[in-house]
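I've put the structures underneath this note.
Heads up, the next two complexes both have chain A, just with different partners, chain B and then chain C.
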Partner chain A sequence: MANIQEKIAKLFPAATFENDNSGILQITVADEQWHELAKNLRDDPDTAMDYLVTIVGMDWVEKLGCIYYLMSTRHNTMCSVKVAVTDRDKPYIHSVADLWRIAEIYEREVYDFYGIVFINNPDMRRLFLNIDWVGYPLRKDYDEDPAINPVSIENERQTDLTSVYKEEGGKVVKTEREIFHKDDFVVNIGPQHPATHGVLRFRTAVDGETIKKIDVYMGYIHRGVEKLCESLQYPQTLHFLDRLDYFSGQIYHHGLCLLYEKALNIEVSRRAQVIRVMMDELSRIASHCLFIGTYCMDLGATTMLFYTLRVREQILDIFEKTCGARMTFNYACIGGVMQDLAPDFADDVRALLEVLPKNIKEYNKIFTGNVIAKNRMEGVGVLTREDAISYAVTGPSGRASGWACDIRKLQPYSIYDELEFDEIVREEGDSMARFKVRMAEMEQSARILAQLVDNIPDGEYCVKVPKVVKLPKGQWFQLVEGCRGAFGVYVESDGSTKPFRLKIAPPCLPLAAVVDHITQGSKIADLITIGGSLDYIVPDMDR
Partner chain B sequence: MEVTTKSMPYEAWKDNEYIEQLVKELQESGTNVIVGSFDKLINWGRSNSLWPLTFATSCCGIEFVSLGAARFDMARFGWEVARASPRQADFMMVAGTIVNRMVPVFRRLYDQLAEPKYVIACGSCAISGGPFRKSYHVAKGIEDIVPVDVFVPGCPPRPEAMIYGIMQLSRKIKVEKFFGGVNRQESQKEFLAKHPIPADGE
Partner chain C sequence: MYNVSDSHIFDFSRVTGPIHDWLTGFLPGWAATTVECVAIGVGLLLLYALLALFYIYFERKVCAAFQCRLGPNRVGPFGLLQSFADMFKILIKELICLNHIDKFLFALAPYLVIIASMLCFAVLPWGDGLQIIDFNIGIFFLIACSSIGVLGILLAGWSSNNKFTLIGALRSGAQMVSYELSIGLSVVTMVCLAGSMSVTDIVLAQGNGWFIFKGHIAAVIAFIIYMIAGTAETNRGPFDLPEAESELTAGYHTEYSGIHFGFFYLAEYLNLFIVSGVATLLFFGGWMPLHIPGWEGFNTVMDYIPTPIWFIGKAILLSYIIIWFKWTFPRLRIDQLLSLEWKYLLPISLFNLALMVCFITLGWHF
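On to the complex of A and B.
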């Protein structure tokens, strides 16, 4: 990274450089130069930062700002850029929505939480909260009095207008723009709809049966987890991660624990690492099982749900014996795991590994080769590799588009670098490819489990950690591979027992953001196929 | 009069005092034999074919899916016909957190349910806000929004707990009175008087 630093320093003399505590190069730059730097970072073949991981909105009390985490798919390097402004009443930062398509929705999120306005963003609306919401909830001076923003059974006010802020002669001018065309026929799908997999709402403009545009309307399960974390101690923040993407609970826990352990310099025992990885892979199989079941049910094949849930129940039994819960496990903790494995854990996993290949064969026999399934899935909702990267669609959906984006391979954490498994990448990019990638990933997870089940090392399952966890001053970022894509978590500490800022970068927000792009021109019935194949979890994107 | 359930002995229930109280109320209000037998017939039918509305916002909804699958199999009890439209459903299993933006939508779904309608608050989020109670964007329990018949605690409740909860509901239905003074619907009317339906039908 050193030569990149030199190169940028030559182009932008005002930029300053430092390494954050995770070892990621952080460039601090003024807002005036930010868009140019971003363009440079993306287009220069030496940096080629083509994947925007997340935008962390920040309130440092004296300043407001954003930290952009960028990744290069070519060089597999990461860097971050910090942009801050001092004006709290009218904070303006230039948008990068023209460089990374996903930035449009990430910037809307920052605007919603911090009130930072992004100049040139084509759609500057609130994302999760009502348009009449008073204040910006993640600012440090936000007034949480429920009398200001009461719970109301009156319908929320809605508008078909969105704002665009443009710079004209040194001044920022706000203009209004219609989301849909005047003569568009708009159909409302959701929030209470069995095929949206949760409470997501699509405002769909249709021309006959063809979709022209979809406005994704979220926030129906926005629970303000990030703000809640700021008032809790570090070990207490962990349990929320079970309730975001409730299928990847184990993996999300693992990610945040890795971050805390890195910050506290805690070495986790080998036994705890093996247990964590086994739990991750078990939950990946369970999650993909439920995906296949519900997806097939969306397409009309109800029987598959009963077949796949049979395997899922078997995995939940394994979890329950060890963790004591079927869904919200709260199992991984700082220093290891909460309690030791149940005595017959290994036998249960072996029994699972025995039945799993037979089951996968059965699923393929019933569904994958089915002519109706083929007609409904092949060539439907094609996402190209470039778009997948620009929209930050990671996980199985990204890999189905030919982007090798498995964090377990790119930035191996825990013991993944010692394990043998293949990254499943397909080139087609359609719904069938997304389905097949998940099917094949179950086999790979089983392969990982088979390598570990016979040699779970002895030792302690949890090392001693201080009773009161205090992170030193600094900032950390950690990526792990969730069931649906790259899950990122950012923590900034001011040296106390509570996080100053905890940002969750969920994989499902990009999955919902891309729906508009890949459904354009499809038939309305395909929306169910495409949405199902992306497999988003709404509480994960809303947080 | 005793409220009996085929699949569970009377002594195994944990809140018989509550049901006995309802029975007492029913007996005090008095009714003639013919109307009483009609009531019994109607309640027998209703309590054995409860159709849920598929309404799930978060984790609890996944346990509700498990409830429908082969292992827990709610079809045994006559609840398997989950309806996607509120107009065809008998009760609403509120599985998950209800946040500010969801409240008007949720209330409208309740208003759209056909009479007689029942609500089960499933999971700690629906009961009180649960782990998210202190959040700026979460309703602190659904009791202020709709009248609730049964509470099922847990985060999320196990499918067995959900079965127990719905069985409790069917027990409550068995002591309802269809003709004349219905003890449960009276309280619903009181509730609606305090929480009127929003005027604009938008």
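On to the complex of A and C.
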């Protein structure tokens, strides 16, 4: 990292450097130089920061700004860039949507929450809140008075226009642009639609059965989790993570706990670590089972759903015995896990491992080899490796495009570096590859479970932690591998009992953002195939 | 031609004939015919409803078995009354009035669909002497009638003033018109073998062996094509694109409610019966019992089983295969569906027709 720092310091003498508490190099740069620095970071072979992990919008009261977390897929290094502006009324930052495609939607999110306008972003609309919302909710001076934003009983106002801000002669000029052409036949798929897996809305311009353009419209299940976290104490913030991607609840909990434990310098017992990893992998199998079932159902093979739900039910039974819940487990906590394992946990897991291979074989027999399934999935929705990285499509979907992006391998956390498992990577990048990657990942998760089930060490399941959790001043970033991709969480603390800023970087937002790109020119039925194979969870993207 | 009067098959005209004589005894000819028509009409409606209810129950039980479930088991013994309860529910449901639709066409569409399938019932070979209309172009009439149904579907999609229904209707139109070709060609293939378009003649021609055995290779190919095209014709999985739930919510009947929706639902199940009924007629002898030449004792025993049981039993067995398709296969995409028909099924059927003609001219059939 040191030579990168030197190199950048030479090119951008005004930039300052520091390491954040997670050990990630943070470059602070003025907005004028930001776009050039970004281009440099991405294109210089020594840095090759081609993956934009997330954009954290920030309000430090005296200034507004963003922290960009970047990762290099070539060198497996991370860095972050801090860009801030002082003008609170007209905060402008240059967009990097031309460098990383995913930035377009990330910048819209920052605009939605902080009102920071990104110059040259082609689509500066709100992302989650409705277009008449007054104020920017995550700003520290936001007025929460319900009278300002009353609950509307009218239909939400809609518009087909979006704004673009461009620099002309030193001044920022706003222009309006239409999302669809005048004579486009626009079909509303969603928000209440069986195949969108939640309340997601695709405004789809079609020409006969062929898709011309999709405008993803989200926010129907936006609950303001990040805003809520700022008014809650650290242990309370954990509860929300079960309610994002509700299948990855265990893993998300694990991720935030890791971050807090790092900040508090808490050493977690080996037993708790093993339990957490086992729960993570059980969740992964359950989640992939549900994926396979619902995906096949989307394609019309209803019967498969019941076959996969059988295995999932078995896993949920295991969860229920230990965590007391079948969903929203709230199991991992700071210092370990909430309760000790149920006495017959190991036996149940062994029973599961016994039936799982037989079931996977059955799924392959009934569905994967089917000629109709092959025709529907092969070559449909091809996502190249470059696009996958540019759109930040991680998880099984990214790995199906040939991008080895498993956080468990790239930045091993907990005990993952001791475990033996393969990262499944396929080259095709189509819907079939995404399906097969998940199928194979179930086997790998089972392999991890098999290594751990006979070696659950004795010890305490939760170490002592202070009654009142106070993080020292600083900022932390943690990545874990959720069921659908890399889940990042950023916490900035001002030394109090509540987070100054808690940012969640969900894997599903990029998955929804990429839909438009890979559906263009395919059929309406392919939208279902592609959407299903990406396997997004709407509460996860909306938060 | 098989001589039924020599066999032990019960001729139902022995029942219907005296009734007719009795009616004409005290009524003028036209009045007697009117009374008979009304009586048969009522009977047919009743049969129609009962068959639909049975099919709904049957499909739910079959798919439950495929999916390791129990299926309906709460209303009545083994859930037998479930469909009746569902029917009463749908009868008393509100017909939601929509604005901005073509009200006349919207109301007309379900009746067109149901009339099309009712008309087909008239020529099905229910049993010996139980056919409602028996005339020389029976099978042609059946194909003509079943084509009316697509009109209802197109109207339903168009008049609802909804983008989903419109796409569903267009898909359905493209699909049904295409697959009618294959159905027509496989029917023609079998008509060649029978040498007649009269339903009774086709059945009687199979008295000494069903066509699927008599026409061997060509008949088997025609049967497979017929089953595929027939499944597509009834809009059932894997060809259920017009109502592809995950894409178009409910396709052309999205906007329908109450009994209007019920009519579509009913017609779908009855079309399933009609398609398997016609397959029974063309390939498995209609109401004709299983006869194996030379096995006189066996044939006599088979003859004692009433002919309606033969027909309905065979039709239900074939329906089971179509239901099996639906609960096993994923759905095709519209372009794949059309290329399956135009690039594969249609050329194969044409070739098969030529093959059958060769068989007949060379006498290679049994």
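By definition in this document, the second predicted complex is superposed on the first by the 543 of 543 C-alpha atoms of A that agree within 3 Å, B and C clash if a C-alpha of one lies under 4 Å from a C-alpha of the other, contacts with A are read in each partner's own complex, and residues count from 1 in each chain.
One rule holds in what follows: a contact is a pair of C-beta atoms (placed from the backbone, for glycine too) under 8 Å apart; a residue touches a chain by one contact, two chains touch by 3 or more.
Here the structure is a predicted model, which means the values were calculated and not measured.
In the superposed model, A:246 lies in contact with chain B only, and not with chain C.
With both structures placed on the common chain, the touch criterion links A:129 to chain B but leaves chain C unconnected. Of the two partner chains placed around the shared chain by superposition, chain B and chain C are both touched by A:306.
Legend: residue contacts after superposition of the two complexes on their common chain; A:194 is shown touching both chain B and chain C. After overlaying the two complexes on the shared chain, residue contacts for A:539 are found with chain B alone; chain C is out of touch. Of the two partner chains placed around the shared chain by superposition, chain B is the only one that A:219 touches, whereas chain C remains out of contact. Measured by the number of chain A residues touched, the leading partner among chain B and chain C is B. Residue contacts after overlaying the shared chain place A:384 against neither chain B nor chain C. Put simply, chain A uses residues 193-194, 305-306, 310 to touch chain B in one complex and chain C in the other.
Listing the residues of chain C that touch chain A in their complex gives 63, 66-69, 163-164, 167, 171, 237-238, 240-241, 244-249, 327-336. Residues of chain A touching chain C in their complex: 185, 187-188, 193-195, 206, 209, 296-303, 305-307, 310, 366-367, 370, 372-373, 375-376, 523-528.
Residues 128-130, 137, 142, 144, 146, 149, 151-156, 191-194, 198-199, 219-225, 227-228, 231, 239-240, 243, 246-247, 290, 294, 305-306, 309-310, 312-313, 326-328, 538-539 of chain A touch chain B in their complex. Residue ranges of chain B in contact with chain A, taken from their complex: 54-59, 61-63, 65-66, 69-71, 84, 86, 96-97, 99-105, 107-109, 131-132, 134-140, 144-145, 155-156, 158, 195, 198, 200, 202.
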